[in-house]
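Note sheet for the following structure.
A, B and C are the chain letters, set down in written order, and residue numbers restart from 1 in every chain.
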Amino acid sequence: MELLTIVTLLALIEFIYFGIRVGGARGKYEVTAPATTGNEMFERHYRVHYNTLEQLIIFLPALWAFGYYIGQYWAAGFGVVFLIGRLIYGVTYVKDPASRSAGVLLSIIPSYLMVIGALAGAVVHFF
Amino acid sequence: MELLTIVTLLALIEFIYFGIRVGGARGKYEVTAPATTGNEMFERHYRVHYNTLEQLIIFLPALWAFGYYIGQYWAAGFGVVFLIGRLIYGVTYVKDPASRSAGVLLSIIPSYLMVIGALAGAVVHFF
Amino acid sequence: MELLTIVTLLALIEFIYFGIRVGGARGKYEVTAPATTGNEMFERHYRVHYNTLEQLIIFLPALWAFGYYIGQYWAAGFGVVFLIGRLIYGVTYVKDPASRSAGVLLSIIPSYLMVIGALAGAVVHFF
């Protein structure tokens, strides 16, 4: 399962990168902790980070369950789409939140397909 | 471990459902991204989603560790209580946040019991 | 892998503890749900809880991947540093958010090292 581990760790590195950008935005736009609101640009970076957190709690278990029941190469392929989709999401959201749709879809569709596929696989194996 | 996979994926589907409701509330109550405050009803949906995220990071590892050290059928049973508790939480919180106690308890008690049980099981196996 | 399970569960218990403090702060400072802003002290507790959530989604997969590819004793050691770092973070942040640096570094450095080490290990095993 090296492939799924590599995809998992790359997703974590992407998430860490978004977090570092939040830290940078905190300084640049002078949003003092514990505040997370008050500056539109900071809030965009913050939302990119937290939306990715929401997605990771779905993506990571789905990746491994799908890899186990359906196949690790398919899972890794969906994983790469997720990684690219998240990057597009992060870039476009900061430029203009209204332009985030493509990045959202490219990252949620792989996750949703893996959730459904893994559920079907697990149910079939159970009976 | 098909049973625990099925419970895991159902918990993710429940979380996705809460997330979709946040998206719907964003449109309905005209809360434009990146804002997450300013409308009480939107904030209720948003908190249901994020509180469930907080719970999942506890529930998922606890479910698998408890299933491994204590037994998968007990884990799956606690998992079903969690799934129902979260649904009650989501429905009651949106109606009136003050009425959320039952849903909170029904979802944290299974998680807390599994954390304690799994810790006891792992410690006993270690020595 | 009892050791990694024990570290995982202790990290969850630490996170649960931070969450209970948020609940207490909600009552003490009269921040009524669904609000999460409006009182500086409440916001400090809230940020400690959520920053720990951000860290756990990195720490937990990194701990297990590093434990698998590099060694469980090294992983458990880094895990203990993380657990202590988080505790320092939680205590110092609530006293004064500007003093949080030591706790931040002591909890992110073990995670980052484990992400990099696990990635190197998985890549080497893959080829």
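Here is the rule we go by: a residue touches a chain if its C-beta (ideal position, glycine included) is under 8 Å from a C-beta of that chain, and two chains touch if they have at least 3 such contacts.
These figures come from a predicted structure and were not determined experimentally.
S.K.: If you list every residue number at the chain A and chain C contact, are more than half found on both copies (same) or fewer than half (different)?
M.R.: Copies use mostly different positions to touch.
S.K.: Tell me the angle, as a multiple of 5 degrees, of the rotation that maps chain B onto chain C over the C-alpha atoms.
M.R.: Best-fit rotation on C-alpha atoms: 120 degrees.
S.K.: From the C-alpha centre of chain A to that of chain C, how far is it in Å?
M.R.: Centre separation, chain A to chain C: 19 Å.
S.K.: Tell me, which residues of chain B touch at least two other chains?
M.R.: Residues 37, 53, 57 of chain B touch two or more partner chains.
S.K.: Quick one: in the complex, what on chain C touches chain B?
M.R.: Contacts found on chain C: 2-3, 5-6, 8-10, 12-13, 15-16, 19, 32-37, 49, 53, 56-57, 60.
S.K.: Quick check: in the complex, which residue numbers of chain C touch chain A?
M.R.: Residue positions touching the partner: 37, 40, 43-44, 46-47, 53-54, 57-58, 61-62, 65, 68-69, 93, 97-98, 100, 112, 115, 118-119, 122-123, 125-126.
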